[in-house]
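One structure, pasted below without further comment.
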Amino acid sequence: MADERIPFATHAESTVLGADEIVLNMGPQHPSTHGVLRVKLRLDGEKVIGSECVIGYLHRGVEKIAEHRSYQQFAPYVDRMDYVAAVSNGLGYCEAVEKLLGTEAPLRARVIRVILTELQRIASHLFWLGTHALDIGALTPLFYCLREREEILKIFEKYCGARLTTHAFRIGGLQYEAYDELEKDVERFCKPFDKRVDEYESLLTENRIWVGRTKGIGVLTAKEAIDYGASGPVIRASGVKWDIRKAMPYAAYDLYKFEIPTGQNGDTYDRYIVRLEEMRQSRLICLQAIENIPTGPIMGKVGKVLKPPPGEVYHAIEAPKGELGYYIVSDGTTQPYRVRIRPPSLINLEAFDKMIRGHLVADVVAIIGTLDIVLGEVDR
Amino acid sequence: MIPTSHYLFLSLALFTIGVIGVVTRRNVIIILMSIELMLNAVNINLVAFSRLVGSAEGHAFAIFIITDAAAEAAVGLGIIISFFRNRETLLGDEMDLMKW
Amino acid sequence: MLMNIVHYLISIWVPLVCAVIIVAVLPLVAGYIVLMERKVMADMQARLGPMRVGPHGLLQPIADALKLLIKEDIIPDEADKAIFWVAPLISVTAGMLAMSALAIGPWFQIADLNVGLLFVVGIGALGIFGIVLGGWASNSHYSLLGALRSAAQLVSYETAAGMAIVGALLLAGTLSTREIIQAQDDYGVWFIFAAPVGFFIYVVASIAETNRAPFDLPEAESELVAGYMTEYSGFRWALYFLAEYTNMVVVASIATTLFLGGWLRPFAGMPIFNFLDFFPTLLMLFVGAYCFYRAPKQPVKVQKMFMVAVGLGIFLVGAILAAPLAPSVNSMLPGLKPGLHGAFWFLLKVGLYIYLFMWLRFTFPRYRFDQLMRLGWQFLIPLSIVNVMGIGVALVLHRQWGWSHWTAFPLTTIATLAVAGWLGWADDKSEKEHPMVGET
Amino acid sequence: MMLDQIVFYFFATLAVISAVLVVTRRNIVQSAIFLITALLATAGIFLQLHAEFLFIVQVILYAGGIMVLFVFVIMLINLDLSLHQVQFNRQWWLGLLLSLVLGAQLTVAIAVGRSGLPMGEPAPATMLEPSTQLVGKVLFTEYMLPFEVASILLLVAMIGAVVMAKKKV
């Protein structure tokens, strides 16, 4: 008798209530998946009991393109990966190739690289904060954040003529000398910037609704974060003090003093706090750096045609989103034999399923937001 | 002036339609809705008589009936939901098991 | 003779004229509320807002309405066509019908119903059918979820709003909008001061009822695209928008009538404050002067002229508002002053209430659905019941035991606030102990 | 009063037509919509009978409350399934017949009994004028006990509904 039970409808479209589980499809055309991410959610009512991220809608074969371009020619392509933080991408690539060549950029170039990269980190976090807050429903922070980001983009524009995909650095150093008022511009931006961060905090940090929406959402413990290979603010919010700028200093980071902000709970709220604190630290780094920009050449000794010796190199930097690694294999010709990029967004996105399980549908946007993914980088 | 009997005929018509709905339809939700229709017909009666004799007691009873209708709808729909969840059907004549 | 004509006009034609005015003007008003919202939003977000269509975007609503009118009205293939077609109309009709029992100034009222306020609340709530049916008829997941959320939210918060209204009705002792305002005049204070907790509950509940942020889950862009309106386009979509803004006006009018003294001037009973009668005129003069100040700065000649015309129009309104202040006019038409100034104060209060809505919208993030329900059921509804009891106790203390206003009402208010604090604490605790979310 | 009659017959026709559509429509949502129309038409008749309070109670509770519940449940439940099923049960002709017999009986009863109704003018409209106050008085004095019992009934129904609709306990 008991076995005559009529089976539940299991396909999503049949019913809202009748089935125990339904499958909801978010994206790739959805306002809050930050581009073309598609998430398949298995729902029990409003509760998410499983998820699957479908990626690749923005795949452009960046790694394959690298095999048919010379080392210099490939540099602009990396800007198109994490288009919100193009400068950081360029830094990683240039340093990786420099490592392959066995040279290093002159100190002046490295200091300017640090300034621009930290500004880019601030810009990226600002953009993240604005869109994340917008996803959770706060309209206003977006405009404040974009107002500040605009200042940074203006500095980039003055420096290299481009705002978004800057291609700011060259292999071996810099192409452009710093313009005369760079220090002044950076200072003018950085001096009042911590007040601005306080402003964002006053809108969100203590807000009951914001705390309710983010505290305890998408928890990732330290062990899980390490197991998933998470990096950047995601792992730091879980309480792991891991920052490549400190662990394996590159560029000129060993010259400057800064803190690594960490959280304890590894939830969305902690990631928010960590990123805000990182903006403050980046500001401090910029202020330290502009105090004393060493004089000297901006371009190291590299030839017009780059022919690195056969071999391989892995170089990682701390991009705004986490560990951005370049693994380059050279066969001694002018073109790399293989380039493999470790994008932080992709690896962090792996933890999505772990983070979303047991939460409600509305938390999906909060968690996608808190991971700070850029689909250009996830799909490459 | 509308004679009171016209209200009664209206009420009668609605009531009969409600009865027809209850005894002929298979869908439980429609049966519930037909019951609401019948209760409503009774209300018209009460209010019409209340108007006739000029007292508010009919209104009071109509309010009790509406209360009752609300209670009935809530419980009835609760039963329908749990039934639908178990049997995937809304048809009254498939409700033929006393015990699962 | 003159008085006879006036009385005749008032008895027969005023309701009809009022109805025509409401139906004709409300869409325009809704359009300008949208413009106001965009301007307020722009101001809070350090930008300018619409500036292109007309000087300072003054013609934007008209342009938007025209655009929506000539847009294609798409009906999805799989939709239930008839219901899809009629659903937005239900929403708009309900909203406009609700306006009919509201008294905008002592002159301007279509019908002073015996059950006035209940009528407004009840008919206004029927608008939910437009949302639910539209969401269902669209045959889309997002629409359906938005509609269901909307219905659940409305039913939940309607309870709290209703109880808050009951609190104020206890004070007024009547359901007729006109008499409620009269009661506030007799009391000497607006009911917001006698029942502040009730007002607070009503504010929160009315935001939730009109689906405004931070309770705008039914149309939460980041989750449900546009909720129940997802599949709508063109004019049908505009009708939903019109319904939403009409509902805002309705809830603001209810709050104004019940808690903010309706058409009463601030300190209406005190002759010392009679200088406030000049406020409407002065405000209009100020706004008109600002228009003149901005006029030369407009880029094009047409815009300059338009700005001057707007300024002149506002001066004209100011002059009309000033007219009853002249003793001669006042003695000839004694009803003019309460009529005009009453309408002014009423609309000003409604405007301020709507401004509060906007302010909250641009400040707060959005609640999650379970949090919204928790707030409604575990905090607002118990609090509203306690509020009703508190007001009842105050009334007994005042009327039966002869306590003065100044002790009875503050005392019960403080008691209610204490309960509110306890409720909030208990709610936080229960949320920690039984979280909705967690590992599975 | 011409207006009175127009209002009554308009609402009466509307109510009857909607009621017929409620029991004959295939689509439950359409049935629900017509039930709402029927209830609102009844509310209109209440208004015509000077039962203003009842009118608004009907609108808020019936049309606004109960029907929202109905529509809500209908939307939660799969529709496509029931659209293609036979809508009337096998004994529908017998049920129809018996219902019509019942209706005929009642018609005869009213037709015969209406001469016994107190003819002439019903109580003047002014007697029931502030219907809200009158209903309140009746409810809270004479019918206090039934009123309280009704409130308990509602409470029980609420608990019952929650228990019923809950998933596995």
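A, B, C and D label the chains in the order they appear, each numbered from 1.
Operating definition for what follows: contacts are C-beta pairs under 8 Å (C-beta built on N, C-alpha and C of every residue); 3 or more make two chains touch, one makes a residue touch a chain.
Owing to the predicted nature of the structure, the values given are computational and were not obtained by experimental measurement.
Set side by side, the interfaces C-D and B-D show unequal numbers of C-beta pairs in contact, with more at B-D. Most remote chain with respect to chain D, judged by CA-atom centres, is A. The centroid of the Cα atoms in chain A and the matching centroid in chain B are 62 Å apart.
Distance between chain C and chain D, defined via averaged C-alpha coordinates, is recorded as 32 Å.
Centroid to centroid, with C-alpha atoms defining each point, chain B and chain D lie 6 Å apart. Remark: chain A and chain C have CA centroids separated by 44 Å (rounded to whole angstrom). Chain A has residues 9, 16-18 in contact with two or more other chains.
Looking at chain B, one finds that residues 81, 84-85, 88-89 touch two or more other chains. Chain contacts: chain D has residues 53, 65, 75-78, 81, 131 touching two or more partner chains.
On the chain C side of its complex with chain A, the touching residues are 41, 44-47, 141, 144-145, 148, 213-214, 216-217, 220-223, 225, 361-371, 435-440. Residue ranges on chain D touching chain B, taken from their complex, read 1, 4-5, 8, 12, 15-16, 19-20, 22-23, 28, 31-32, 35, 38-39, 42, 45-46, 49-51, 53-54, 57-58, 61-62, 65-66, 69-70, 73-74, 76-78, 81-82, 85-92, 95-96, 98-100, 102-103, 106-107, 110-111, 114, 117-118, 121-124, 127-128, 131, 134-135, 137-139, 142-143, 146-147, 150, 153-154, 156-158, 160-167.
Every residue of chain C that touches chain D in the complex is listed here, in rising order: 80, 83, 113-115, 118-119, 121-123, 125-126, 128-129, 132-133, 136, 144, 147-148, 151-152, 154-155, 158, 175. Across the interface of their complex, chain C is touched by residues 16, 24, 30-32, 46-47, 49, 133-140, 142-144, 147, 203-204, 207, 209-210, 212-213, 216-217, 357-365 of chain A. Considering their complex, residues 1-10, 12-21, 23-27, 29-30, 32-34, 36-37, 40, 43-44, 47-48, 50-57, 59-60, 62-64, 66-75, 77-82, 84-85, 88-93 of chain B touch chain D.
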